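Two complexes come next, and they have one chain in common, chain A, joined by chain B in the first and chain C in the second.
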Partner chain A sequence: MRLPKLITVALAALLVAMPLGAVAEDLQMWERSGGNASMVDELVRAWNEANPDRKIVLTYIPHSEMVPKIAQAIASGEVPDLMGMDLIYGPQFEDAGQLEDVTDYFKDDPTLKTASPGHIQVATYKDRLYGVPLYADVSVLFWNKLLFKQAGLDPEVGPASLQDIHDMAAKITALGDGNYGYYLAGNCAGCNIFTFGPLIWASGGTIEPKDAADEPLTGDNLVKVLEWARMMHKEGLINPANQAENGETFHLQFGSGKVGIMGTGNFNLFLLKEQNAALFDGNVGITFLPGLEKGKVASFAGGDIVTIPKGSKHVKDAVDFMKFILSDNVQVESYAKLMNLTTRADMAKNKYFEADPRVQKMAEALDVARTPYTLKFFELINSPQGPWLQMLQRVYYSDDPIDQIIADGKAQMKAIAAE
Partner chain B sequence: MYNNARGRFLGLLYVAPALLFVLLFTAYPFGQMIWVSFNSWSLITPPKFVGTANYTKAFADKQFWTSLQFTLKYTVLITPILMIGGYALALLVAANTPLRRFARAVIFIPVVIGLGASSLLWYWLFSTDYGLINKLLFDLGLLHKPVFWLGVNADISNWAIIVSVIWKVIGFGMLLFVAAIQGIPSEVTEAALVDGASPWQRMTRITLPLTLRTVLLVTLVSVIGSLLAFDQFYIMTAGQPQNLTATSVFYVYLNSFPYLKLGYGAALSLILAGIILLFTLLQLVLSRRSHA
Partner chain C sequence: MSADLSIAMRAETRPRNLIATLWASRAKYLVGALLIVICVVMLLPLVASVLASLKSTTEAAAVPPTYYPHGLSVDSYVRLWDYQAGLQVYVGNSLATAAIAIALTLGLTVTAGYALARFPLPGKEALFVFLLLALIIPYQALLTPIFLMFAQLKLTNSVLGLAIIHTAIQLPFSLYVMRNSFEAVPKDLEEAAVVDGANSLQALVLIYLPSVVPAMVTVALFAFITSWNEFLGALVMMNRQDTFTLPLILSAARTQTSIGGTDWGMLQAGVTISVIPCIAVYLLLQKYYVAGLLSGAVK
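Showing the complex of A and B:
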């Protein structure tokens, strides 16, 4: 029997229009694009190899479009099964009730106990768990041992306080030839919360308000840290060209070999391998970001959490993926083997990291790291229009009184938190 | 033919596809936007009716007016350059000789590149550390210390972006002007030549008056395009320094998507649309007067 022509055409059109995902029972996963794509690719590859009957199809979303894209997906009801998201946005989506509560799935899971505390903190809302770490970035302090030697400094001893950074940076800047002692990005809010924020935390200060009732920018030493940053600029210990840095070339700065000391992330070490082999091969020192006093350190725990949006069709499989990436074998054979930080502290001691103590040091930074917990992180901190960058730019490049700058920053942050 | 009911129905049937398109893709979204502007809506939570609160907030929002002021400044600076430059280029390349046709094509090529791509290109050209512009000026001995073209000084940033946009869009105006100049009847120009009119007289008494409609059209397009400027500022300065180069549309985008304040963004958009409508009406009135 021949089908009428119209029906045949309609059926053919339907088959063409039908998404492949609807035919196969694959899980759809979204992740933001960025420097950790190779890590996430590896996790998905390992999962797909172990689970051929429930593969994950991974789609990358441009980093800057991540939040709007997820919000649009939620509004339209077309959500993926798994969602990797910048961990700082976790509380916003948890508060909105858009993520699956996975607390009960993990109640007897021992791996969670050693998972990165910063990630778990932002994945938790009102004592319920909504995600687990996907990957971790931590900020640490790099120093260039080649420049330290040239400046007559001990290349094996890094700075342990803000005063140390100042004194060492002064000697390195004195070398001339385009060398500068320290690095601060002048036009990048994210770079500053990642590398300058910990200097405030390590000195006992706070930055963002948790909610409308919370006081932002507190701590007796906050003024001193900001004065230190202004002094570093006024004394010319920071390259004036850094004022234009909006984050695009941040990752290339230390590898230029012209920066003595710089707050950066674990990702920078392996970029260095390609960019400046002479520095990578034994001439990079790594320590924690210090505060005003010696012995006080801090770090920013960044990276992504993986969550399950409400409306996912494969919640159980998605939870299995979460457990899979926290398992011992994946922590060592996927994360550590690729020289990415393990997302569980107890897995940091492994055969791959032991071969390079610098990676070990960075992995330890997770223990002293913090992640801001706020429902309005982008507006308060990450936005180029936000009060955080505005405040720092006035500190770095103006002569406005520091007290006034802090007061203005507080007022702006409070107004945003109160909305 | 359309006086009877059947004729009117037939007429309606003919315009129905276009009408449907406009209703579906213009009127309905516009109505939705008006509705959204009276709500507080983050996309991830249900909308909440807030009346005119978003409008009240917009009128008190200092940054919105700073952005609007900057957008107007950008428009006032770039429009005459695009008009005069485009017209001058058109006068130079209007004749159909092989070399001039080639010149027209070269000037027009950037128009077909996306604004995002061209902004990225210029972003790297203006880069303080890696950009070819600073390198060139250094090599020529015109600079002794690097210039921070983007994101440090609002005026320098604005001019740097204006240069990039002129490179990108001047060919569009030029092409329209060339078409208008070529549309002038040759008898008119020949008569002026016979009467001994100088090139300046021919330009001011014949070419310019006979191409005035195109001049007004290009002005309108340029003004609207500049008031809606977004890509180039988003990519090249992200509003820096201190939000002094944040255009109105950039501010609308920021509120609507990264901040997830869709209702407030919609209110800002509607205020901006009203302002652009005023400019457009003003130009249309001027256009009609000059034509009369």
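Showing the complex of A and C:
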């Protein structure tokens, strides 16, 4: 009696499963999870509203699996029509010839001229364009005005140099009660290139090599910046728990209200609104990440670009989506309205940003921001076992001579670049 | 003295009596305490996870984290429920995949196990060992070729395609269990049926299947748990979010910032939801499950 029932169940299950395999004629778009999902959701929503006959179906691919997943999709020909990806991986895919060349579609498009230079730079390979900015993350310096007041500092004046950060952080740490002056993530390569890298750039140093012939980790002041970081750790101005920070709670540190000054990204302001309303409402100061000298600043322009993988069956429609997100209306009514950075510099002056000077400040950071251009970003910088994080951990937690650490870092980076 | 000695001797020869002896003496408090400690160690992560899932959004994001929720909230569940196409779609996909995988696994291994245990096939031992060889090849290594093949057969993005992979992962172990439990059924039963005029299909359905129910339950349970938790195959096979299974969505939903920030409340809510079916199925079938393990292992 059992067997016929079993067969019936199996057949019924097969019938249920079949229709799910059918193919829809909408545009398929992939985006990595864990980027700025609320922004991408809004862009797709706006597009679908304006284009009911060619809707986009959005799929988030788990962040850490994005690169192998794309590579496999391209190999099998089962590609989406649009693909949002971490901008840093752009050159790698362009170099491999896996993206559709869209240069000619944008020949006479004026919006491209003001589009975020960092994004356009990594979306360009050998003078051909392969993508446009999807959204921008920039790193800036947040300070907690409540703690500044408690420590007797002027809450309206943020740090303008590394020395300032040190002095102010010392006063805030002296408050005790679990408060610390500054924060750096001890076990997160990505967090460090995003928030510590700009401190080096603003002091005139460089980090990654562009290619095998390029010298990494240069600049006379590099040593001084690393010595400063070691001092911050040694003097206990950074919560010692940072040594275990692998990025999973990095975005929550400032909102805890226990950190005086911290390099973080524009996304943190949005998160803060939910996490710590008292801090969000008028008690966050935002300024640029400084260098050794006052007046020298820098930032890391991250975020995503949107590209068209080779093999897409709807290239024309996909290009239209790219133009759509760069259009004036979407820049203001989607990006700016959601308190996200506009991806075009000339759109940063708008009614929404004018209402909130903090967002205005972050939008200006795009002008001083840079994006590393390398085919080996993961191996050089982002890898948890890579030379960048290894170097910083020795700086932060060991007593090895800084010169030696830099020399080792150079050797490792050169070896990777030469592969 | 002699009584003690005889107890000790009996305890040595029969372990069941050792337990009974321990339980009768004052040592039972010690044993009980030990068992409680083991239970606490095993249950603590689960309880911590459930408690964390009930924190409010603000509290779930607290640094350093709080030990228990200061106020109950279902925020995390609501956020997970509304993620993309809605959690019910993903749970539905996972359940459908698991159901098909169970049906395919049982359909294949019951018949194969029966044949290998009961028919006088030439070289069937070698065949059996050959079929078990699949255990030593990691299925991860086969995924890309399988994906390319399935893409041609239009089986990607389909619950059926994924269920076939999950079945393939589960086959060697299930076949082993089924064959051994068929062998454990006394041959006299089959002979009696044959004398009464049953053919081999009738013998299978009327005589054998009722005797191997525990093994079938074991196979079904393992197939369910494997399919329910499987991540990599689903990641490779599924390209559209409305076909994603629960593990994929939990992995995608938890990342909050581009530098790897995690939404802890949502992650714990996902863990809690994904554990429930496993516990429910296990509790429902545990009686058969234990018997099934024994009937598979002891010939």
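For this structure, a couple of remarks:
Please note the rule applied: the second predicted complex is superposed on the first by the 394 of 419 C-alpha atoms of A that agree within 3 Å, B and C clash if a C-alpha of one lies under 4 Å from a C-alpha of the other, contacts with A are read in each partner's own complex, and residues count from 1 in each chain.
Note that in this section a contact is a pair of C-beta atoms (placed from the backbone, for glycine too) under 8 Å apart; a residue touches a chain by one contact, two chains touch by 3 or more.
From a predicted model like this one, the values you see are computed outputs, not experimental measurements.
Once the two complexes are overlaid on the shared chain, A:Phe93 sits against chain B while remaining clear of chain C. Taking chain A as the reference chain, the count of touched residues is higher for C when chain B and chain C are set side by side.
Looking at the shared chain after the overlay, A:Leu175 reaches neither chain B nor chain C. Look at A:Phe267: by the touch rule set out above, it reaches chain C but stays clear of chain B. By the touch criterion stated above, A:Leu338 is placed in contact with neither chain B nor chain C. Shared-chain residue A:Val315: touches no atom of chain B or chain C. Contacts of A:Gly303 after superposition on the shared chain: chain C is touched, whereas chain B is not. Judged by the touch definition given at the top, the superposed model places A:Lys258 against chain C, while chain B stays out of reach. Contacts of A:Phe194 after superposition: chain C is touched, whereas chain B is not reached. Within the superposed three-chain model, A:Val223 lies out of touch with both chain B and chain C [touch as defined at top]. Residues 64, 72, 75, 241, 246, 248-249 of chain A lie in contact with chain B in one complex and with chain C in the other. Taken in their complex, chain A has these residues touching chain B: 64, 67-68, 70-72, 74-75, 92-93, 96-98, 186-187, 241, 243-244, 246, 248-249, 376, 378-379, 383-385, 390, 393-394. Against chain C, the residues of chain A that register as touching in their complex are 1-3, 6-7, 9-10, 13-14, 16-18, 20-21, 23, 28, 30, 33-36, 57-65, 69, 72-73, 75-78, 80, 86, 137, 188, 190-191, 194, 241, 246-253, 255-256, 258, 265, 267, 271, 274-276, 302-304.
Partner chain A is touched in their complex by these residues of chain B: 42-45, 63, 123, 127-130, 146, 148-152, 238-243, 246, 251, 254, 257-260. If you check the complex, the residues on chain C that touch chain A are 57-58, 61-64, 84, 93, 96, 99-100, 103-104, 106-107, 144, 147-148, 151, 154-161, 163, 205, 209-210, 235-236, 239-244, 248, 251-262, 264.
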